[in-house]
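Structures given as structure tokens follow.
Look at the two complexes coming up: chain A is in both, with chain B in one and chain C in the other.
So, the complex of A and B:
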């Protein structure tokens, strides 16, 4: 994270007209597609319940399933590496690059690689990395981080994308997505052919078979995992499902939640590297299983966030994300899921603002395919921040006073009267018919965007009493 | 009238003769006319009102700030106040009802005295529109004498619809009054209130509010109706800032 504060990033985002156009277009489109897709799934709610049960069960027995997955993958000729944190994961991947004398890498989409800032590590070693997912490629060429977990370049309009890629990739200028994709594809073909190593993420790892499932729409994942000599797959420790049957359940809700598809265009099931007499596939498959803070929340009130299947639906549905986009969060994972994951896995400091970037409207929980109770965990993290004294001073000092007053009925009534008098005094100076148009700090936040109505001349208690007499 | 979904497993066997009114701090201080409208409606429907005068605030501001000990203290106070009578509790606020129904039991789960008490109170707490439709089974005939109002649009507040899952009752009540109702684009989107969120994250909240207000203005309605005074204050404050002629009313004011 840079020195820029959350509030400054938010201000930049809110003032960015183009960002608004882009976010409005795509979040609305994805949200609509999701609704339609679930409408066509028979017993959709029951499937979501099952998906949730599978995730809950897996996380409750995570160590066992990881062990089973690792054993089965090795049985199929794959290699398994465990990394405690991002630094260790980088060491493993860079050592592999050295071992296989890698000069160029082609990459599919992987959020874990973003956690590792892997591209930078490669660049330091003079190894060229080509992102092959179109969205990832756009942010790579722009020198940015993804701003959405499934639509990395959601913050760009197609016009901006056309201009950027024209400049960076030296392709003919166009603002037609189909034309742009055509040109990029030609570039990518060359890259797939020469790359020494392919790096991908993992959507799910199946414990009973040692299979990794890779879900994508562009075919780049398939090529990345099969064309180069070596395939390195990066996954978080929680990305496991026990069986192929379980996989079929979570896949049913993943594509629908993410893009409104019944199934993504490519669902790659990879079980080990190429075996003779097979003609395709990499010579070696390495799976790097990364913890990077995840095991810290196991067994805590935040463990539920590990059920996440990274569909991105909560981002699209979130009215805060819709306004500020992903970069404002300042974290690898943005949106509601990021506001739990980031402080949960990396510690509340310096991320204490993120759990507060929510009106607790519950839209995230409503759309989450595995019904993760994100608002509950945002509150839990707010509690942790509050306990650690990370709240603003006026909140820290104000709430105990409020509590003192609100547990003493007579004092409470008196305080309301006093507030009313104060408000009337202020309002009379402002001359807006009793409405307050400017409140002093810390309440000035309210009057930045809205007026405050007059207090009642007679409280409800008084009116009720008079009526009853 | 068809029943909306509800958290209450057991509905009272008989229609309650009397209810306790938990009026909320917002109505106490700023919009008492909403409380009076609630009283009129309930009385007309033959329900007596108990009003425990030592009630204060449910504690949501502290709870949402993560100040759990403060929230617990306010929850204990409210439970003391509401447990003296066995009557159901009615509150004209979706979010305060949700606080009592869902958050109190969780907040006080480890407390030998207040934990069970929170469960008991949760089981007999209702949001106003929910109580009318689900418990009293209000019919169109009951609302026939409703005065004519200007056209309305309904904003389903988040804790009412997603927390309590009360999604049908308010619209049913509005339909029964025959008031001209305009559809609201993006109705289910939050108005941006969120308690202290509107103060601490004022700019994000303001952007959410503006989107909501654009939709409200585009609806063509003269009045925004809701079941949460706090959200109505937020939207009303934004409308006032815009110089809009659209006003906000609690649903009780429409049917009283």
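So, the complex of A and C:
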């Protein structure tokens, strides 16, 4: 993490006009596509219930299913490695690169590799890494981190993408997505066909068969896992389902939630490396199962976050994410899921502000295909932060003041009256139809990037009293 | 050497003693998987979903018409070389002979195991513009083709070329992915690769603008064989 605080990153994001254009164009569209896609699924609510049941059950027997998966994959000629943390995962992958005399690597999308800062490690060894997912490639060429787990370059406009790729990939300049994509196809095709090693993530591993499932739309995941002679797949310990039938259930909700598709264009099911008579495919398959803090989360009240199937729907639905985008969260996993997962994986200490980046409106829980109760866990983390003295100053100072006032009815009534009068006075001075455009400190933060709604003429308790009379 | 597998699994088992896992049950109850043999109806759904994602569906009246259609398609695309599944895997008798007569040649697709041979072969295969395959199955509810790899069914034929022509016998349609799995219990034990293809390769990574033909085929023709 950088030394910049969460609030400074939020400030930057809110002042970034281009970011707002990009976020407005994309989050609303993704949300709408999701709604339409679920309308086409018969008994959608029952499918979501079953998907949740599968995820909850799997996590409750996680060690058993991982053992079963590893045994079955090994039987099919694949290799399975376990890594306790990111450093060990990097060691494993770099040792494989050495063992297979790898000079170039082509990579599909993998959030675990972001946790590991794997590209950085390869660069140290002088090994070239090519990101092949278009969004990932855009952020790689820009020297940035993904800002959305499904659409990594969601914060970029088409003009920015065209200019960047023209400069970095040396392709003809265009601002038309179709033209840009045509040039990228030509350019990256060469990389796929010469790379020595392909690295991908894993959407789900199937315990009963030793299969890994990889879903994607571009064909880059398929090429990455087919063309190079070695395929390395990185997965978090929780990315598992018991059976192929269970896989078919979670796949029914994954693409619908993520991109509004019934199924992604390519659902790759890989069971070991190329079998000897087969015409093509990698000569070796290594699956690296990475813990990196997850088993610690499993032992806490945040364990439910491990049910997550990484669809990204909670990001698009979140009113905070819609305003600040992914980078402001400062970690690999942004949005509501990240606000729980990041402090869970890495400890609350530097991340205590993230659980406060929510209005607790519950939109994330509502769209979650496996109904994860994110608001419950955000509150849990706020509590933990408060106990450790890490709560933001306005909570630390504000709550005792509020408690003092709110527990004394007469004082409370008086305070409400006073603030109502004050607000109306300020509003009339600012002259914007009763809306407050500027509040005095310590409330000035509220009006920095938005207006405060006008107070009602009569308070609730006043109206209630009049009604009961 | 440090046994990371044991360390990680022990840590998981230990955490499971204290973790809060809402609604977790001891087992997931089995369910009924829908069976459907109304191929005419399923082919309608399949066609609607495939066309919705930009694939072209052809319904030739008989196998003679189907053979002519495939040969015409390939010639229109200007290919006299194709990547293709083996003759026995193309569910249209008469097609291999018709291709031969039309001067359309199948490129040898076996990728050598050694590094240099592998790269040389991949570079050559990457030049071919048309891929011709059968299909192991079709899924009606999502509009997807299933491809199972083997010596006679190379993966790259449906991946490298800009155009992919797939021949799908109508009686290989299944209502859902679950029903396909249920009908083929040892599927993943027989082959290293099974892929479901739902339309042309695409991206929406630039401002959610749908763009087709990224790294896989840009054009997909599905010939529903009677």
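In this section, the second predicted complex is superposed on the first by the 390 of 469 C-alpha atoms of A that agree within 3 Å, B and C clash if a C-alpha of one lies under 4 Å from a C-alpha of the other, contacts with A are read in each partner's own complex, and residues count from 1 in each chain.
As a working rule, a residue touches a chain if its C-beta (ideal position, glycine included) is under 8 Å from a C-beta of that chain, and two chains touch if they have at least 3 such contacts.
Being a predicted model, the structure only gives us computed values, none of them experimental.
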Quick one: is A:219 in contact with chain B, with chain C, with both, or with neither? Answer first, second, both or neither. second
Per the contact definition in the header, classify A:361: touching chain B only (first), chain C only (second), both, or neither. first
Among the partners chain B and chain C, which is in contact with a greater number of residues of chain A? C
By the touch definition at the top of the document, which applies to A:35: first (chain B), second (chain C), both, or neither? neither
Looking at A:271 after the superposition, I want to know if it touches chain B, chain C, both of them or none. Which is it: first, second, both, neither? second
For A:5, is the partner it touches chain B (first), chain C (second), both, or none of the two (neither)? neither
Of the partners chain B and chain C, which touch A:50 in the superposed model: first, second, both, neither? second
Contacts of A:412 with chain B and chain C, given as first, second, both or neither: first
Quick one: which bits of chain B touch chain A in the complex? Just the residue numbers, please. 23, 25, 27-33, 35-36, 39, 51, 53-57, 59, 61-68, 70, 73-74, 76-77, 158-159, 162-163, 188-190, 192-194, 196-211, 233-234, 236-238, 240-241
In their shared complex, chain C is touched by residues of chain A numbered 22, 25-26, 29-30, 50, 52-54, 56-57, 59-60, 62-63, 66-67, 70, 76, 80-84, 88, 132-135, 138, 151-153, 156-158, 161, 177-178, 180-182, 184-185, 188-189, 192-194, 196, 206, 209-211, 217-220, 222-223, 226-227, 229, 237, 242, 244-246, 248-249, 251, 259, 261-275, 277-281, 283, 289, 291, 295-296, 298-301, 303-304, 373
Please output the residues of chain A touching chain B within their complex, sorted ascending. 10-11, 14, 319-320, 323-324, 355-363, 365-366, 379, 381-387, 391-392, 395, 399-400, 402-403, 405-407, 409, 412, 416, 419-420, 435, 437, 442-443, 445-446, 448-456, 458-465, 467
Which of the residues in chain C end up touching chain A in this complex? 4-5, 7-9, 11-28, 31, 33, 49, 53, 109-111, 113, 115, 118-119, 122-123, 126, 139, 141-144, 149-156, 159, 176-178, 181-182, 187-189, 191-209, 211, 213-217
